[in-house]
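Chain nomenclature is as follows: A, B, C, D, E, F, G and H, assigned in order of appearance, with residue numbering initiated at 1 for each chain independently.
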């Protein structure tokens, strides 16, 4: 067994500094439910231990607070991701396509896109090509065919993932979003749709989990 | 107020013989939960009162039992509908299209189709054109455009209704089916998908309610 | 296949300018989850491409913001709909009836009514005729019988749709609302009631989706 | 405090022989999940302790098995209730009305009716008067007005309870049934409808709990 | 059929002024989802038509707004009920007991109590006698036995209704409340508990519906 | 780290023979979903490795099949548990009380009781003391006070756990059962009740998991 | 029967002053849903009757309000617990371990820890050792083995409880938290995970109920 | 647009013979809900069109029926998959690991494994390494590190996927199974656990969808 001590104990957090070696990327910090002081101390340790830094679901004001202490910290405001990259990462050659069904799904799509960029994957975006006007999607058949992996982000009925998957050879990662109202039940509708896809080649992540989709797509793309 | 007595009291049932005049079609009998003796007496009264007869969710053995007493009774075995038509009905000219996503959805689609035929609507079927191979649907664009009303029957993720609606001018009635397993939750997945359709022009009936969709389509087609 | 390019690409949105021809009415904009800047650019493109404009779930302040740039934009404050009509639309002769169970359901009913008016259907309203005092509804039997289509908007137990449908020949579109508390579960109760209607001739749209009901009713009425 | 020992310990059951005095009626036996041997011993003790006997949800074969040992035991096969009455009970003068929405709801309605008869309430039945043909109900206005208590048994959308309550001065006990399919979710739809009744004067019991409604109605009628 | 016109049409509302005669008490106004202007006009019509007035779920500020125009309007701030009584009502002799499991359930209990007082029932309160310390309840056995009807208001696990019912001859109306957190799911836990009561003699109203329980108890008490 | 190889690999199963040392009791076999051949091979390995043997949810016919090969195997038919004890276990002195609300809950209670006996805890049973007749429970106050741990098994509304906990100093393990119908939703009602207990000192296991409660109670009793 | 009067009646609350003797610890006050005036009067009575005082889910501002009148009142701000200890409590020797999966779960873990400290148990904390980096947990094997009881607090997928239980001989109390988003459904995901633990020796409390876990652990530790 | 006619119309089915070219593998047939006659005709067309054949969820008797007409058809009885491979497929060099938490999860794991074998991926199995005895998994660290993709199949609490993902660099596809009882709610518990995984690098397919996981893993492995 090769598990090593490999963590940095702050009491309220045990930073998994072994993770970069073990998994290929540093621990990613989920910002919600942590105090500003905790986040500051965590970021401080990441810098000290020379780790990649990725903070998800980070609200803008907390970013600005952290920015004062860590001028290198950068922010993707649409995807609500804070990040610093300490090392040159090799660019992956495979193309990852990030597709959104509607304009309201873009923040989640951007969370995926930002994750891919930070991790080093080559990506393109196709936004607002939901099934209500399928010709908008079909116009991008060339791009769809070139992609090594495709991420489909959709709320409401979430039908787009099945449709895309039916057109391509590459794996499709479906991200349900909480876009919608009434019987969308905050994304449950899109989640169930995607889990029940009649088209093989689709897997699903949590509602609004753009980061998880980007991370997984990068693992495939490696 | 014009409500009249207009029913025939059997104790266990009050046949609404006023319905043909009031609503344009006789009372339709939901066969589940009724004993054979009750169904026999009900059918007897329908004949006596010169009513159209439509029995939904009728299992084959009960049909055969009733057939002995009422030789005119006919049966659509795929749609599980028993029926007798006493009068010449005018054929509606508008075309109703009944579309199924998969082969497993055909029984529910046939329940809709049988209802339309008995009520007097002109109809065509397009079966097994789910979103996993969208070219199968797109090949029928001419028919899709000609239809006055379209019924889309789909289980699993139920994405077909939105896709069809996005291609046509006519109203789409979506019927979720219980086809599927796991997180389809007996049709809940398809039901939510259809209720959250991002394409306007879609309404929804109960899971597996092919009859209701056929009935409603006929009302539009009148 | 007749699908054409037919869209206008803004990056964050692909306006489906082909839709007026393909479906009989322009793309309708769901305002929630779009930034003001995005909405402004979208409205700008609609004007430029000479499209009908309909913005649903538009809050008043965003309307006022858009109004400054587009003086022709109008607003139905009860139904929260922004709209501009560029062309003379023929008035449909068939009557659409919009019925609400209670006073608290009126905003959703008005969303349906505004949609019908903008699309060009003739309509009348009957509000606050819930089943707790059924004589209020029965007094309008003449109007009920004249309608080509009926929209029934109801929250809480949502029983009104079945009752209305049982009295008429015309199709009934049921709109569950989130009116209520406790076990109404934000409209789930009314939604299930309407899906399980024992009266044939009822279809259902999403909770609070007055727009969808109005749009569908207009399609029938054409 | 007046709580007394007042029970008879069989190991697997502690018969509450104090209940007749404390609550006005003996313990009622829920038959499901008990072995035949257990039921036989329980019935034996009821006889020995001179208690009223009421066995709910009793299937016919188990009744026939018990009947061999206890010839006085009687059975209401529609309501699936086994019972023996040892004493003359005074007849209550108030009228209890048992109403069912459909024929398929009759078994649950009969469970209520049998309970009322055994406990000594005067009752009348009105079956199959669901909202799809409201004139069938309105024809019984005289009876509706005379009732001291009304039990309304309905599955599917369960709308009948609100409608009845809106017409009368007396309290209405609503019993949702599992009649229906798809989105009726085994009675959940009717249960939610009844809990959200917009008409005051309605309370609800468990799905298919005809016994509970009958028992409660009798308590009011005393 | 004796249904009469009997309503007052305000456009946004149809006041059921026939209800006092038909049901024994005027229409009760659910205040949520109505604008101040609508409520003012409704109250105005109630005064003009000499009706009892009862406004439920009325927030304090709206009451103060209405109070300016209608000085006779009174307010029960715990139960959030506005009311005016125009006529002398006979006091009912039967005792109604309103019991709460915890202190946090008191607002709902007071909604029931206020309703009973306004309708004219004699009542007593026993608050904070939940099952965690059952001796607090058992000390009130005398009062429990005297009651004609008992209302039990409880959140969290809602076990109190069954316990009370097991001790008395009178009917118990159970009101689940949204008190609690986590797996109480806003009152669902207490609702299910009460619906599944193993003690016969319990019926249930909607979560937090103190008014409905009070109204129903008064109907029994008449 | 002290984790050792400590398992026996059968391909379809990896028997955790390290568990007796690590956790104080051998691996327990959940019988459902395993073929007879698999169970036979597993039991064979347990004998060979000199392990305690406990097979839960074992149906009688499979037991009889296994009995032929392993004559030492014994069976608790109420609790559906197969077992062999190879070694003398010390008897725990602390008393564990197993209480059931109804007779129908006894199978789950017996699963707990059998587990306790096999593991070596001293136990007593009190069955059928549900809250509908609370005096039956209160008669056993002496026993309740003596217990080191109490297991409360209840279906339907599951209120008994809170009540028992409110009377004693010892920890209470609540086991919801699937006893009930309708809105008991196969034990969900009892589960939620127990999770929301207003009496501190209650923890909960899975629905029908008598084994888990017995195992946990034994851990406390050690 | 030994139940005594033993409570102090404030009208809105009946303080169970018998509880210290009966259960070993005073009544614990759930602060939510009580007015400041009610809390002040309750605290006053606790002091007067010489009771231990523990106020859960107490927000900081209310604490500061109470502090003015009761200077002895202390506050654990992370666990949101107010408390006063009037008597010397004996320290329990057994070790209770409080483990959290993530930093965001610490408030709930601290509620458990504060409860244990106030009741007199010896405890240690291990925070942020979730399954994404299992070596962080395995480094604490010595401590895990020493513990008499272990509390595991985890949100999101809640997998940590099963993992810990699989490593130790002691009982594990699992506390699901509402940490997470999307399909965590406010803690439902972690709750179900923990209830279905494949490792025996785990029981569960309500979502976010750190207090309940601490209280129960102390009962075991006595 | 390159979509071609590319299907074979049987009326009840439209075989997507374009799929092999478009997506890299023929259409896969979901056997449930199709009649034997339909399946026979479908298989016939697959042979005629020289397609790969994969029939999922195929029960043994139907396989034997088909086998008579198509002697080349083969069957994986654990995974319930019927198949014929017409062409030599290149073997993929990357290793896919199929891991099951328990023995009862093996049928679903085998569905994944069979799919991988038929599609041409190299695979290894590790079965019964659930978190209750984590050392069984940790013994396979070498294999875990070598895998290009890992499929984790688990029911009950489904915690294994997060644990595995936390140890490796490769992507993990999680398959929840319906193994379990009570609050596993037929796989919902495991599904939610996996969707909420705190370890990035996990995606999820439908409950019991071993085929979907195998298909997706093969797409990555290409």
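As a working rule, a contact is a pair of C-beta atoms (placed from the backbone, for glycine too) under 8 Å apart; a residue touches a chain by one contact, two chains touch by 3 or more.
Keep in mind that what you see is a predicted model, and the values were worked out from it rather than measured.
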Chain hops separating chain H from chain B, counting only touching neighbours: 1
Equivalent of C-E within the choices A-H, B-H or A-B, defined by over half of its residue contact pairs recurring: B-H
Approximate Å spacing (C-alpha centroids) for the pair chain D, chain H: 50
Whole-Å separation of chain centres (CA-atom averages), chain B against chain G: 56
Length of the line joining the C-alpha centres of chain E and chain G, rounded to whole Å: 35
Per-residue overlap in chain G, given as positions that touch at least 2 other chains: 1, 3, 30, 102, 132-134, 138, 166-167, 182-184, 188, 191, 195-196, 198, 200, 206-207
Footprint of chain D on chain B - complex, ascending: 3-7, 11-14, 16, 18-19, 27, 30, 32-34, 38, 57, 176, 178, 186-188, 191, 206-209
Chain B residues touching chain C - in the complex, by the definition given at the top: 1-3, 22-24, 28, 30, 138, 141, 166-171, 173, 191, 195-196, 198, 200-207, 211-213, 215-216, 219-220
Parts of chain D lying in touch with chain C, wherever the complex brings them together: 101-102, 130-134, 156-159, 162-163, 165-167, 180, 182-185, 188-190, 192-200
Residue ranges of chain A in contact with chain C within the complex: 102-106, 127-129, 132-136, 138-139, 179, 181-184
